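Both of the next two complexes hold chain A, though its partner changes from chain B to chain C.
Moving on, here comes the complex of A and B:
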């Protein structure tokens, strides 16, 4: 017991007993003890001057933290839509059979726990799993059995990925660097001129310091760059708002909490273009006179942390970060390193800040907007990784050059993550305005029926709508394009999206918390042939209510999968709605089964089944 | 023209909606001018003697008999009105929906302070005549098509009366704020 107390003390001390680092501490506890026990919660509460409930609610909010032991090895197997399309069922069965327990439980000896997770940013190499924070990709039933053997033998998860073993070997590019050593592959199929184009480290910063911050800001505004994280807010305007906000210090946050299921482009940017991103943060810092920076990395990308910190270190020694950057006296900007964001969808800006300050990822009320009062109440710019990277090229090559790419309202390029039924899943940097048809051809789509653009909250397009252009004017996307082949039942995939929203709703608004369930239940009833025409109307009505009455983007968009398929694939619903009767189908026998068993009655189905 | 026939039923409800209906007080005399009564607990007519025009349904469905009754009402009545929270959403009885049925029965018949000593043989009531509890309490519209919904717990007498008169006369119901809102 006293060992236990000492261990928790040490973890708290490592983070200076700072309550805003609660999440880091909890993660460390989880890693060490494989769960966050009630005793640990109480100890931390005491140490940090928080209440037991404060900590408890944070632990219960995050998927990767648990209040029950999760095994010496914890396997999180992705059961998101792409994974299911690529063979999740077979892999899951292989794991449970080899381990000898079902998903959601831990073996009797406490060695291996099997759990599922939604999306890990590996859509181009599913089926993927996280074992003790190590990523395993392209899993098959065969590989699952091999991994289980290794766990049973006690091989540390990190040692299962090496140069070349039966478990897995390093991926391409920087993935094989000692500081990463991961089997993740980049799958960078089509590099483009902005994010993956030629880049000379430090050139943009040197151009910055030769100008005034106002000139830099003006250049970014002139480029008409808009946010790449999904919302598409004009970046220059955001920076200007922040620059004008009152505050002793300003802050730049890079949002690398790539949470939109099906997106993985930031993963590749972080692996291959980290310096471009950090230089972008410094460009922003110069323009808005910020002194502090932070990078929020999603938990699943933990394997990149050491590498990213090395890049930061290198940039500090190259005088591209730190004090008097690029030789400009007084231009001081430090990126404090990587912090954690855990809830997959917590990238909603305000949610991210809560998470970053160690609390439940629930959206803050706005105003104030982060630009006015963000991270630890500093005026804060939060930008997506790709947005920040683009600003470097804008400063280096000029706004005019940038505007020559893309369309009138959507300048520049977009890095897309293409997955699903195609020959070449991976990352594509293309000019805005590219059409769905061109993308399907580029990726080698196989008999597509639909394309889900922008993740579950985006748009479900009929694959025949080939002229739809990826742009803010037509069909915006943070980057995810999931190609769904004709062999799949589209509504099953939509059901999976709705499951995602029921999970991810933080629960603060009733229309989102219950609406997501009501939509999903209605959809399931329809899929079981128990739907009615009125259900279709009521789903539309409920969707409209959710769009109008919820607090954040998740609630605003949670009904999109349903609405889009009602619009673009009405025949799928029509085929499932039975001939209209006023009596709903209801399985009475199943509904009384539990009562019968309890009281010991044979069967009451004395009346007609409908 | 003969007067429209109305019927009522209380399923998994507390009869509060029926009591509220009776709160129309002397307006019941106006109502009998407008309608005839069919099957209802109010007049204790237990079977459908003829098809009815309008039926008021209180309560959701918590056992197999409710399912049966509601289906009968749907077959024999032109318009079904869900009256009150329990009929519309399951209401208070649906609070058991997160508890497995076995636990509910054990709590009621084996473990509660009033039964733990009184039921040494640990018997669950199981006479053939007794209906069986469903796994969950279901709102009426999940079992049959419901035509109208009168909210409230219970809905005010004025609302029930106003809605009935409107349905019978074909005139639009007047629904001032205080009749449908309770805050």
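Moving on, here comes the complex of A and C:
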């Protein structure tokens, strides 16, 4: 027991007993003990001056933290939409049979636990799984069986990926660097001129320090750059709001928590263009006079942490970060390192801040806005990784050059993650204004019936929408394009989206918490042939209420999969609901079963068999 | 008078709610401003501090969204939105009341609410709002989700079937050191309230009573002290929620006091 106390003490001490680093500590505790026990919670609470309840509310929020033992090896198999399309069922069955327990449980000897997860940012190489924080991609039933054997033999998860073993080998590009050593592949199919274009480290920063912060800000404004995370807020305006906000210190946060199923472009940016991102943070820091920077990384990208910290270290020694950057006296900006955001949908800025300060990833009430009071109450700019990277090229090559790319209102390029039924899934950097049809051709789409643009909260388009342009004027996308071939049941995919929202709603506000499962349940009833015309009306009404009353972006958009398919694929619903069924249908058999379950009685049919 | 009235007046702001011009203090929320001016905006999570409930400050968790109003044409939660000069607020309109009714319906189908044998019936805000918005049968399907009941603590019983997860208890029911006794746990459709089993052991009579009083529904119930006030004499039995006498804190009577004169909705 005293060992246990010492271990927890050491973890807390490693993060200076700072309660806002709670997530890092909890992850370390879990790494060590394979779960966060109640005893550990109480010890940490004491150590940090928090209450048991404070920690409890945080631990229970995050999917990757567990309050029960999850096995010496914890397998998180992705059951997101792309995974399901690429053979999740077979892989899951193989795991379950080889391990000898079902998903959601741990083997009797406590060695292997099998669990599912919603999305891992590996949409181009599904089926993927996370085993003790090590990513495994392109899984097949055969590979699953090999992995189980390795776990049974006791091979450490990180040793299962080497230069060339039967379990998997290193991916391309930087993925094979010793500080990464991952089997993840970049699949960078089409590099473009901004994020993946020619880039000379430090050139932009040297141009910055030759100008005033106001001039840098003016250049970013002139570029008409808009946020790449989905909302499309003008970046220059956001920076200006923050620069004008009162506060002793300002902060730049890079949001690398791409959490919408089907998005993985930031993964490749972080792997191949980390310095571009960090330099972008420094450009922002110069423009708004910020001194502190932080990178928030989704938990699934833990394998990139060591590498990213090496890049930061290198930049510090190159005088591109730290004190008197690029030789400019007084230009001090330090990026503290990488921290974690563990909730898939923390992508919205407010949730990210709560998570970043060690609490539940719930939206803050606004106002105040982050630009006024954000990270640790500092006026804060929170920008997507891709947005920050673009500012480097804007400063280096000029706003006019940047505006020559893309369209009038959507300048520059967009990095897209294309996955699903196509020959070339991967990352594409294209100019804004490209049409869906062109993208489908580029990616080699196979018999598409639908394209989900912008993740589950985006738009579900049908074949008639080939002329739709990816742009803020027409159809914005945070980056994900999921191609759904005709062989798949579209409503099954939509059901997967709704299950995602039901689970990922933070549970805080009523219309989101109840609305998401209500929509999911109604959809399921329809899919089981028990839907009515009335259900279609009530789904629309409920969606409208959610759009008007929920607290944050997740709730506002969670009904989109339903609304889009009602609008663009009405025939799918019509086929499931007979014309004249205005009466609520009733599944007698299911009701009897439920009743039997409640009173603990075997069904009559079974009794007769006995 | 409530404690706030003793504070020196800061900058006064004028705004309108449903066309009625009112004055408010800088920094107040729309709900607070409305409350001060005797205008009813329904709330299930926000709660005005007064002598009766013993709260030291107003609560505004922003969770229930039933206070949704239109401020300058945009829907927003009135309990977390600050007032501003010239703000035009729409409150009691058919569109907004339909949103509110929907939220009440959603809460009724999410939990397992059986008013006839609930200790809080007649003093329950959710039930009172269902009457106010004339909910007959919810238009949505019931979830019939099994919920936990925690009777394993002294002085109190927590019934998850009735809990609407408003977080009043999480924010307000705390030890003197500020540690929470009730904790919001999990997320999404698994969200629930859990209790700090160590701290709850020493809960005082007063705090236990306050926990029950501020709970807008019947999720937190005193043990060994049931049905003190007969049906028919409870909080909303004679003055429906939202009637003038039930808005103004000074005039609100404790449940049990027979009250008349409220306007019927």
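We take it that the second predicted complex is superposed on the first by the 584 of 610 C-alpha atoms of A that agree within 3 Å, B and C clash if a C-alpha of one lies under 4 Å from a C-alpha of the other, contacts with A are read in each partner's own complex, and residues count from 1 in each chain.
Criterion: a contact is a pair of C-beta atoms (placed from the backbone, for glycine too) under 8 Å apart; a residue touches a chain by one contact, two chains touch by 3 or more.
Source: prediction; values computed, not measured.
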Partner chain(s) touched by A:550 [first = chain B, second = chain C, both, neither]: second
Touching partner for A:532 - first (chain B), second (chain C), both, neither: first
Partner chain(s) touched by A:57 [first = chain B, second = chain C, both, neither]: second
Broader residue contact with chain A after superposition on the shared chain, chain B or chain C: C
Partner chain(s) touched by A:244 [first = chain B, second = chain C, both, neither]: neither
Contacts of A:601 with chain B and chain C, given as first, second, both or neither: first
Touched partner set for A:169, first chain B, second chain C, both or neither: neither
Footprint overlap on chain A, where chain B in one structure and chain C in the other make contact: 594
Interfacial residue positions of chain A with respect to chain C in the complex: 51-54, 56-57, 60-61, 343, 360, 365-367, 502-511, 513-518, 521-522, 525, 538, 541-542, 545, 548-551, 594
Contacting residues of chain B [partner chain A, same complex]: 63-64, 67-68, 71, 74-75, 100-102, 105-106, 124-126, 131-136, 138, 141-145
Chain A - residues contacting chain B, complex: 532, 534, 582-584, 586, 588, 590-601, 604, 607, 610
Interface residues, chain C side, partner chain A - complex: 60, 62-66, 68, 75, 77, 80, 82, 99, 102-103, 106-107, 109-110, 139-141, 143-144, 164-165, 178-191, 194, 196, 198-199
